[in-house]
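What follows is a pair of complexes built around chain A, which joins chain B in one and chain C in the other.
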Partner chain A sequence: MGAINSIEELEAYRRELAAAAKPDLPTVLVCFGTGCQAHGSRRVAEAFMEAIKEQGLQVDVNIGFKTTGCHGYCENGPLVVLRPQDILYLKVRPEDVPEIVEESIKGGRIVERLVYRDKVTDEVVPHYSEIPFYKHQHRIALRHIGTIDPTSIDDYILVGGYAGLAKALTMKPEDIISEVERSGLRGRGGAGFPTGTKWRSCAAVESDVRYVMCNGDEGDPGAFMDRSIMEGDPHAVIEGMIIGAYAVGSHQGYIYVRDEYPLAVRNLTLALEAAREKGLLGENILGTGFSFDIKISRGGGAFVCGESSALMRSVEGNVGEPRAKYIRSVERGLYNKPTVLNNVETWANVPEIILKGAEWYASMGTEGSKGTKVFSLVGKVNNTGLVEVPMGISIRELVENIGGGVLGGKKFKAVQTGGPSGGCIPERLADLPIDFDSLTKAGSMMGSGGIIVMDEDTCMVDVAKYFTGFLVEESCGKCTPCRDGLPRMLDLLTEITEGRGREEHVAMLEELCDLLTWGALCGLGTSAANPVLSTIKYFREEYEAHIRDKKCPAGVCKALITYSIDPEACTGCRLCAKNCPQNCITGKRKEAHVIDTSKCIKCGVCKDVCKFDAVRIS
Partner chain B sequence: MTEMTQDVSRFDRIIERYERSEESLLAILQDFQREFHYVPEEGIRRLSEVMGVPASKIYAMGTFYKALSLTPRGRHTIKVCTGTACHLKGAPLILDTLERELKVKRNGTTEDGEFTLECVNCVGACAMAPVVLVDEVYHGQTRPSKVVDMVKKQVGS
Partner chain C sequence: MEKISVVIDGRTFEAEKDYCVLEVARQNGIHIPSLCYNSEVTSSGGSCRVCLVEAHQRGRMRLVTACNFPVRKGLEIKTDTPLVRRIRRGVLELLLARVPDSEVIREMAAAEGVTGVRFRKDEGENERYKCIACALCTNVCAEVVGVHAIAMVGRGADKKPATPYNKPSDVCIGCGACAYACPTGAIQLKEENGVRHIWHKDFKMVRCSVCGTPYIPEAQVDWIVKRTGKDRSFFDKCPDHR
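Moving on, here comes the complex of A and B:
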């Protein structure tokens, strides 16, 4: 059907879709998130189409079939969900497909070898919602991801999409702003600025033109929730932006997406076209007289463009350099006009807040941080992926209950939050509730919600060096503290990790951190101290081990470690010797081998290939 | 000269897809990058002429944005993700191995023009760390001992 001309027509259309839907029809959902596609979900989908045909079944008559966005449990992909039974199959290969069709779809039985199995109790958990990874989650921003086809606007409307917009359009703009204020929603991009306050300030500025923007630049290493939302539920972002535009009186919006996210660009483009066709975007939205449209702007792979003023310069077609923010973007942003810029996850929350009300949203979370937050739980943890939980959950609950504990039974050492702007929080503070304020107090940051779990094999000095190196590359170089201060910090950290550290280096690092915090122009520079300061604060003894003892306790810093073979564990299989690029491993078959450390380049290949865990680092 | 004329029309075909506004500059440069695997000088000149924007400004964009390269790239691009999760799970050793075995430095191109080796900051597939992209195909959980074979297998060399 063509354009929907009124709020009543939208509801009628939704009822029509519901009447045509077959909720009991066995339906296969294949995850088409980036992770699952990398694991081969496209071939799995093809195998389903083939098997369905071979079994004489017809799509939409005997069986439903959909490709969806990311379920978040990426490590176990390709993921396949069967509805209405709510069965989740993990690591599905094309060869498994005929059996799934025969057994589960036709026979109603579970293929046990493909379902989740608890690592401790060995219990089989076939149902999606009972798996520990999902059981503790509360999904708002991710509400539809994995269940709807992101390329189908009908799918989105059927599950209640654009109902938040319909409701908003019956409200006064002022009341929408109040609702968002009362919900306590704070910006999910990291800084946690109250969203309603931002909108109110923008609406208050006298101007003929206002802009509404979405920051989908997501450059934080270790975070991918924005990617998942843009790919898996693009309409939620668009709906949020239309509501925001109506509230502040804007007629033009922009979504700034990293060009490294081609699937996000594609799905957003399709969603914008579909929304325009349906009369939900463009001129006279739902016959209310309100007009608003959105353009996509592809970023060019510069981390600093995630910073608001740099992002706006980039959209205008310039080099993305930040400016000093004596005047805020809500007053003079894009093209010097009042601009509201919110991140992807923030926008995705807005329709639900309008639909269900501020009180509903504010009933979740902590005093200062309401609602839920999507975290990307990655690093040395058993269950990695995206999880959405109420604010205030402790680090330990997140890592242990949802993440299933540290990988390989190793010791939990720290979590790094907030990307390069954040810091490391040690295990002894793991009962800290995760919210904007307590993370900042601990010397880290919420950032975009990357939670990177570190175990005993992680060197904290190396981590500090890693983030500083990252920021040296990404600094735009406009201001001196960042341009000159960061490389000097990197030099010092390099000296320390390479065994040339001196006692005074730690104090020098602290001094440089201070300089950046107070002197840099934008958020990239002012927060650059966090990774360094937090590791010095909580892991000073590791810095001292590198400097005084010339040792890397975690066994990471190349200059300070040596590889050796444990004669007890070595079986003399010769695999390491065959793979060593330096030919520096010797030993007879079935006898313990020896590494000639004078030739060893510490490439790690011997450790990687050893099946008996006989290669040691000391 | 013929080659030159041909190129101008290739640039124009890309430029025509966009509005004549400075807002389109970055997108056009990215499309140049996709089609030619770098941003050719002639492309900058043509874009400057059509858009009426100084070439120096476009050149500045070419050097600022990481997605753009002003020098020709190899036939295949290997991107090693060096995001935090990948870093912790061994990306530095993967990068060392590729540099050593393919005889190329990071952000460089092999002598035979076959491979360009790049480091990228997080491709948003952290759950599969360490990740290597070969011509946009994702490879998760890569290992130093297997990475070179994996690359060669994909490109068939």
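Moving on, here comes the complex of A and C:
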């Protein structure tokens, strides 16, 4: 079918699709997110297609087949969901496919070895929605991901896609802005600026041209919610942008995607083409007379290009460097024209807010942070991946209920939130609700929504050094505090972790942090002090142990630890001696072994291989 | 131009709206140190952070760079508070650690009471031994001269102005505006036997027909003639003998 010429026609088209759909039809959903594809989901999908084709002749089972976006549970990929039974199979290999077809699709039985098994209770949970990782989630931005085929606009329209746009086009632009304001939606890119306020300011500036932009740069290591949305539900982003453009009076939009996200670029490109073909994008959208189109701009992957003003410079074809935002982008942004720039996740929320109303959205979350947020939960936790939960959920709930607790039964020490320039929050504050304001108050930030769980084996000085090192590499080098201050911070942290720390180093670090916070040019520079400041604030005793006692309490900093073998626990199995690359472990079979510390390079292999926990770090 | 009143260090001044704080302060004899600002370059400023001042507006205070913060109604600026001095000293200590050989930075730091550096110093006489990476040279080249012969290359502490691939540039006219604009004298410009050397390239100079002094690169004359349509014979004499 060609262009849809009116709102009524869109509804009619949706009814047509619904009539043709067979919800009871067995459906195999194979995740085609980047993570699952890396695990070989393409071959799994091919195996399904083959098996279905072969057996389709013999059995009268008609099977719908889809490839979907990321389900967020990437470490267990490739993921396969069977509908309507709602079974989730993990780590599916092509050789498992005939069994799944035979047992589950034809026989209606569960292949137990492929379903989720709780690491703590050992309970088997075959149904998608019952798995703890999914049970506690509330998905709005991720609402369609994993259930629809991102390359099919019909799939999106069938589940209610573009209905938000249809509704918006019957409203006055002013009323859309009010709706977004009342929803309490704040920018999901990290800074948390109220979205409605931004739109209103932009709409108020007199100008012949306005731009609407989507920030899909996502440079934080470990964060992939934006990628997942762009790959798995590109139309949600596009629909949000069209609504925003209509609200502020823009006719041209840009999606800035880092070039490291080829699948996102591909799916967005396909989605834009499909939307144009259907008359949902371009000239005279849905016959309402409103015109708006979107271009994709690919970024070279510099961390700083996620910063709004640097991003705009990059789209213009210049080197991506931030500028002082004394004149805001809503007044003078891209090509010096009023510009609304929102993050991928923010845009994906917009159609649902328009469709279901501000009150519905504002009923979730906390006083100052409404709605839900997608987090990327990683680190020393049993279940890792993307999760969407209402704002205000406590750190502990997130780590324990959804994350399934700390890996290997170790002690939970801290979480790092907000990406490289976020901060570390200690376990004793784990009941803190996760929202924009409480994270900032605790010395961290929401940032992209990355949450790294740390256990007792994490050295907080080393963590601060790691993130500062990342920021040194990624500093654009435009302003003095960030360009020259961060390397000096890294110097001091290196001295401390290598046992050359002096008493005054902590104060010097604090001074440099102060300089960055007050003196750096852009948001990345001013927040770059967070990893150091928060670890000094909550784990000062670890800094002191490194400096005063020349000890690393977590046993991480190589210069400050020595390995030894506990003669009581050692069984003399010789495994450590066999694996030691320095051959510095000696001892007879069945007798306690000894490490020659003068030759030891502290690689930790002995500790890793020891089955009797006899290798000690001091 | 709309005139507004702005308060700087407790005194009220009339100023043209949207002028930067630094200009207004200087017009009124208030000293704010700066390095990367040049009034001829609209995109300059904001990077060295030496001119940070307190801006009080609508009950909110923040540090802003005087060189590109526009004056607005109801703005109060404080240029000499404990916070301003602390951050300025910090910035200068970092610059001094970066370019310990720069006289300009040493003097400016000393004026703020910074005499030593507690951090690792970058080695002197290296490739960027006086460069503070403020980008004034590249901004002047692009905006004032209009040739884009140099640009800031790389990022972080290694960021520096350079010609493409560090090779002699096709478009450089040897005018030396970058060297004259540089606040620390980091750009090497040498002249010998009627030849100017800058950015890995030699430029033959035009000699004054009166005094015989080589005074302008031929490439620069070509550029000016091309851009302005000025008669080439104008450049036969140096400014002193015109």
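Couple of notes before you dig in:
FYI, the second predicted complex is superposed on the first by the 556 of 618 C-alpha atoms of A that agree within 3 Å, B and C clash if a C-alpha of one lies under 4 Å from a C-alpha of the other, contacts with A are read in each partner's own complex, and residues count from 1 in each chain.
Please note the rule applied: a contact is a pair of C-beta atoms (placed from the backbone, for glycine too) under 8 Å apart; a residue touches a chain by one contact, two chains touch by 3 or more.
Please read all numbers here as calculations on a predicted model, not as lab measurements.
Of the two partner chains placed around the shared chain by superposition, chain B and chain C are both touched by A:Ala302.
In the superposed pair of complexes, A:Glu511 makes contact with chain C only, with no contact to chain B.
Once the two complexes are laid over each other on the shared chain, residue contacts for A:Gly419 go to chain B alone; chain C is not touched. By the touch criterion defined above, A:Arg483 lies against chain C but remains apart from chain B after alignment on the C-alpha atoms of chain A. Contacts of A:Val319 after superposition on the shared chain: both chain B and chain C are touched. Judged by the document's definition of touching, chain A residues 302, 319, 473-474, 476 lie at the interface with chain B and also at the interface with chain C.
Residues 302, 304, 319, 323-324, 326-327, 472-481, 483-488, 491-492, 508, 511-512, 514-515, 518-521 of chain A touch chain C in their complex. Across the complex, chain A is touched by residues 21-27, 29-30, 57, 60-61, 64-68, 82-90, 93, 96-97, 100-101, 120-129, 131, 136-140, 143-145 of chain B.
The touching residues of chain C, counted against chain A in their complex, run 46-50, 52, 63-65, 68-70, 83, 86-87, 90-91, 94-95, 97-98, 118-120, 132-133, 135, 151-152, 154-159. Contact residues on chain A toward chain B in their complex (touch as defined above): 34-35, 37-39, 73-75, 218-224, 227, 259-262, 295, 297-303, 314-320, 376, 378-380, 384-385, 416, 419, 450, 452, 454, 458, 463, 466-467, 470, 473-474, 476, 579, 581, 601, 603-605, 608-609.
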